[in-house]
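One chain, chain A, appears in both complexes that follow, with chain B as partner in the first and chain C in the second.
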Partner chain A sequence: MKRIVAREEYCVGCRLCEIHCLVQHSKSKKIIKAFREERDSVLPRLRVEESGCVSFALQCRHCEQASCIEACMTGAMHRAPETGAVLCDTDRCVGCWMCIMVCPLGAIRRGPDSHVASKCDLCIGEDYPVCVANCPNEAIALREEDEVNA
Partner chain B sequence: MHREPYVIIGNSVAAMGAVEGIRSVDADRPITIISNESHHTYSRPLISYLLGRKVGDDDMLYRPPDFYDKNNIRAWLGVEVIGVDPRAGTLETADGRTIGFENLLIATGGKPIVPPDVEGAEAPGVFAFTTWDDARRIQEYIEERQVESAVVVGGGLIGLKSMEGLVQLGIRTTIVELADRILGATFDDTASAMARRRLEQSGVTVLCGNTVTSVEGTEEGLKGVVLRDESRIECSLVIFAIGVRPSVDVVRGTDIEVDRGILVDERMRTSADGIYAAGDVAQADLLLGDGKLPIPVFPNAARQGRIAGVNMAGGEARWRGGIAMNAVEVLGLPTVSVGLTSPGDDQCEILSELNEEEEQYRKIVLRDDRVVGAIFIGDIDRAGIITGLVRERIDVSEFKDLLLTKEFGLLSLPREYRKHIVSGRGIVV
Partner chain C sequence: MNEKDRKDGFQPRQWLVEPDFVVERDPEKCIQCQVCVRQCANDVHRYDEDDETVSSDSSPCVGCHRCASLCPTGAISIKRSELDFRPHGNWTAAALRNVYKQAETGGILLAGMGNDQGLPVYWDRLLLNASQVTNPSIDPLREPMETLTHLGRKPDRLRLLERDGGVALATRIEPQLELQVPVMFSAMSYGSISYHASMALARAASEAGTYANTGEGGLHRDIRPFGDNMIVQVASGRFGVDSEYLNSAAAVEIKIGQGAKPGIGGHLPGEKVDGAVSETRMIPEGTDALSPAPHHDIYSIEDLRQLIYSIKEATLYEKPVSVKIAAVHNVAAIASGCVRAGADIVAIDGCRGGTGAAPTMIRNNVGIPIEFALAAVDSRLREEGIRNQASVIAAGGFRCSADVVKAIALGADAVYLGTVALVAMGCHMCQKCYTGKCNWGIATQDPYLTRRLNPDMATRRLVNLLRAWKLEIKEMMGGMGINAIESLRGNREHLRGVGLTDRELRILDVKAAGE
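Presenting the complex of A and B:
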């Protein structure tokens, strides 16, 4: 099993991951269209934090003990049984923001156009999350579970 | 006598947490759930959305319809537990059954405080607002009587939630609050005033420092309420939301230790062997400060339930202390409050930033260089990072100045803590 890791020593702060993430989660999935016409209705699900010369990309860690699932009052925030990913069922989310209140990473946002929580879904259906696939410096990488914990 | 391995009284947040906790240790021994409400497990906070017709009956379920089957749960719904016998290891139901247990979890939650000394409080048209059935009855009453105006007694969380449901139905609503401001338990003066302004802009009348002393009804229905200052408000519906208290009735008369709630240790054990309590009914350790108190909020109930479940099944999990926290949208205004938000003493340092025009407010309360409370109104997106600092008791002296800046984020945190939360186990691709 593999996990996403952020390697801040390799991140150059180019924010390509944010762009790819935004496009991936837009309706059109086309970069020009996404930026021209959908800019107000879609947000990247990860964010690059930058301070001086340090930067890194941050998205949901799909925590094993996920505070957001625990605090979700509708049951919308759940763990996908097949993949273990923490996902928000947007049909059931009412936008109470309990998840935002408890996420220690600040990795969940209010959806820009719909009143639901917006977070990393690990790009369901893609072979690799687009942030991993498109990072020029492998600052967002996939690693085997045991390497990560080593 | 036959003994069920796991019996849970209650079918809500703490109970479901316990099921998940038990199942993380013990995959198959049966779990018995007994609840006096007859619904499948549902989301209690959603009842205001249901009232306001923002969600339908189908959206109320807190766990999917097949949850009981999948987890080998026998659910006895609509069955009231009337007593527990800790020595015999049995409990009794209102329909005359006696059930033996090896492990029992009391997850009976809270029940609404009945207003003392209010004349006419039993009249039709007067409701509490804590259950799905309450919401349904209120809805039916509103339709039947064509209710156009209502009074909500209590300006706390549940009062505001019920107000919101009523406003969404186009009902003219007045909130009557005894204290001098609404949401007084979780907000400071500034935040309360901002919430109040939001309400008033939406046409809600807010009366503070006042309360309802009598309800006037006739055969045809409710006519209005009389307040302490002898003024009168016409209305055809009244909701009392003056607080909840732990539902400890099932252990009355036993030697299980009870203070305000059922006292539990860090593994959620009561003073009786094999009997646990969790959620709104439990009185557990506080995160900040000594002693125990019930803190009736959702995330605490879920976590306590899970901890109880793990321990009931022979695992090991401990409660690290509870803290009040809430995320509430006040008629569309997002708010988050955590911990101690308006300290009475001067041992706290306060950082705050207010922009009233844009309805933005952030406040952080520090004691001994640790965050002990916070309020966020408007932009709440990174409030969770602060909640994390509170929960983990992180020393913030090195980056205090950054806490309220726009750039504040994980990068502002000490590298060690950052690595710790960023590399928490769990991402599976």
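Presenting the complex of A and C:
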């Protein structure tokens, strides 16, 4: 499967990825409306980590051996068979936060208004995740697995 | 304010200096996302945590558009300050603002990029020819079209020998640079521009089959693998020069002058000389890199000859040696001297050429336009029968492929592109290169800013630019019924002047439109 790769040497810390992620996961998907009216009900699914001049976008890496799936007691955290993405079925999630506890990257957060886990879904329905498509410096890339390891 | 306060480090506010720009924020569009706050190196935008609002202070804005380009809702617009002075033909707003700045600072006015005074651009007054009826034009998409260019000394005559029933060349051909497209990237030093920018220029030159020039910044270790597509410069400061440096490139250029600041040296402030720059320039970290105005060992054509031949000796006569001069009043005679001194290439930099930093008065008032300089040099070298002994490169403010085609018709072998390459990498011409705060990550060494230029993207954009220009050059050549750039070189019959005086036409040696 394709994986998101952070190229921290080129991340400029503008956080446009966070902004576009929030919009993508809002109800309206309209940027001004999402920020004005839905601000309390939607969170970006990724975060830009920063230390000094170094920064990078951190989102779920959809691990091959996903601790969150193993730790999930309801089976809410699962792997989508067609894409290989690790997703959270919000109907089954009971908010025990075990996934948050075991995620080695800290890429899962509590959802904003409901008692369920919130994480990167690789932007279902889009050709590219919006963070990749909207990074002005191509510091977030989508690459095939073998390119990632190379 | 007395002198004692001043010594205490108190910086009086510069009341006379007014903002150049007004930053307007559309409250209906702004979502307080703070991208602008994070991207402005000049602290124009601020976030107030108590009010949870973003606001702008226009005074430090340089008009680089970084915030406006990245604003996800298009909420920001940047306009020239609307503070109008009472109109005055002599005391323009720019003249007044310069006086105010100097009254407040007591310093030389500095500027980046090229002359911004709106001098006539003679390329715009020269028009190209096209074929009609009697001499068919050529479709470059269907027929081969040659843009290959060789730079270097050409022999006076060719001697051929008959050998084994065939013919062999007996004349030694001097080393040549081979360009797939008749443009190269001009000298921009690592130090004045960032590592990523230098790398992108080298990579793009290599991909496009042309050359990039190190300027006086030395050749960074990582760029040495691109040496086959690099020209290394030996300038008055001799920064980064050693035998390995000279031999790792395809050609060596002696920089005598620069179009943006003829007669003036260079000054890279110590703050920009970080570890890597210091290593590449071979100077201590944090020291100012001062390039003297003249080479202290060149005071005559004979001295220049010594340096040219020292470099040829050091490079085993395997590399062409170029001499770069600024276009000044006597440029034709100087260029002739350079050729006679042994230069294989003479690069002429016109007064619209760019710079990382120059005194504003010099940038705006010294030198002559490249069009006249080029025409004068080409004519003079022809008259003296030495045009073949050196290739001529024109430089200084080339904006588009048509400028290049006109320059070649006027007598240039190739053209150096500096400013336009920076613009292709994202430069927005705010002309503040000398502050080291380039918001686009090009003319800076600040680690927060240099990462803004992704060299992969910059390389792609540069290669795209060269590709597009090559296509356009072929279209224009085809229109003229010319299928090789060699046939256009110095072919002034393909140029006609509009709106030029008789004298200007005579110097350009171009006919008026209709003639």
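Note that the second predicted complex is superposed on the first by the 149 of 150 C-alpha atoms of A that agree within 3 Å, B and C clash if a C-alpha of one lies under 4 Å from a C-alpha of the other, contacts with A are read in each partner's own complex, and residues count from 1 in each chain.
The rule is simple: contacts are C-beta pairs under 8 Å (C-beta built on N, C-alpha and C of every residue); 3 or more make two chains touch, one makes a residue touch a chain.
On a predicted model such as this, the values are computed, not experimentally measured, just so you know.
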{"item": "Which of chain B and chain C A:R15 touches, first, second, both or neither", "value": "second"}
{"item": "Partner chain in contact with A:M101 - chain B first, chain C second, else both or neither", "value": "first"}
{"item": "Chain A residues touched by each partner, larger count belonging to chain B or chain C", "value": "B"}
{"item": "First (chain B), second (chain C), both or neither touched by A:V5", "value": "first"}
{"item": "Interface residues, chain A side, partner chain C - complex", "value": "7, 9-16, 19-20, 31-32, 35-36, 53, 134, 136-139"}
{"item": "In the complex with chain B, residue positions of chain A that touch it", "value": "1-6, 47, 49-51, 54-56, 58, 61-67, 70-71, 73-75, 83-86, 92, 94-110, 122, 128-129, 142, 145, 148-149"}
{"item": "Touching residues on chain B, where the partner in the complex is chain A", "value": "17, 43-46, 49, 54-55, 59, 61-64, 298-299, 302-303, 306, 325-329, 334, 336, 338, 380-385, 387-388, 391-392, 407, 409-412, 421-429"}
{"item": "Chain C residues touching chain A - in the complex, by the definition given at the top", "value": "28-29, 31-35, 38-39, 69-70, 72-73, 441, 447-448, 451-454, 456-457"}
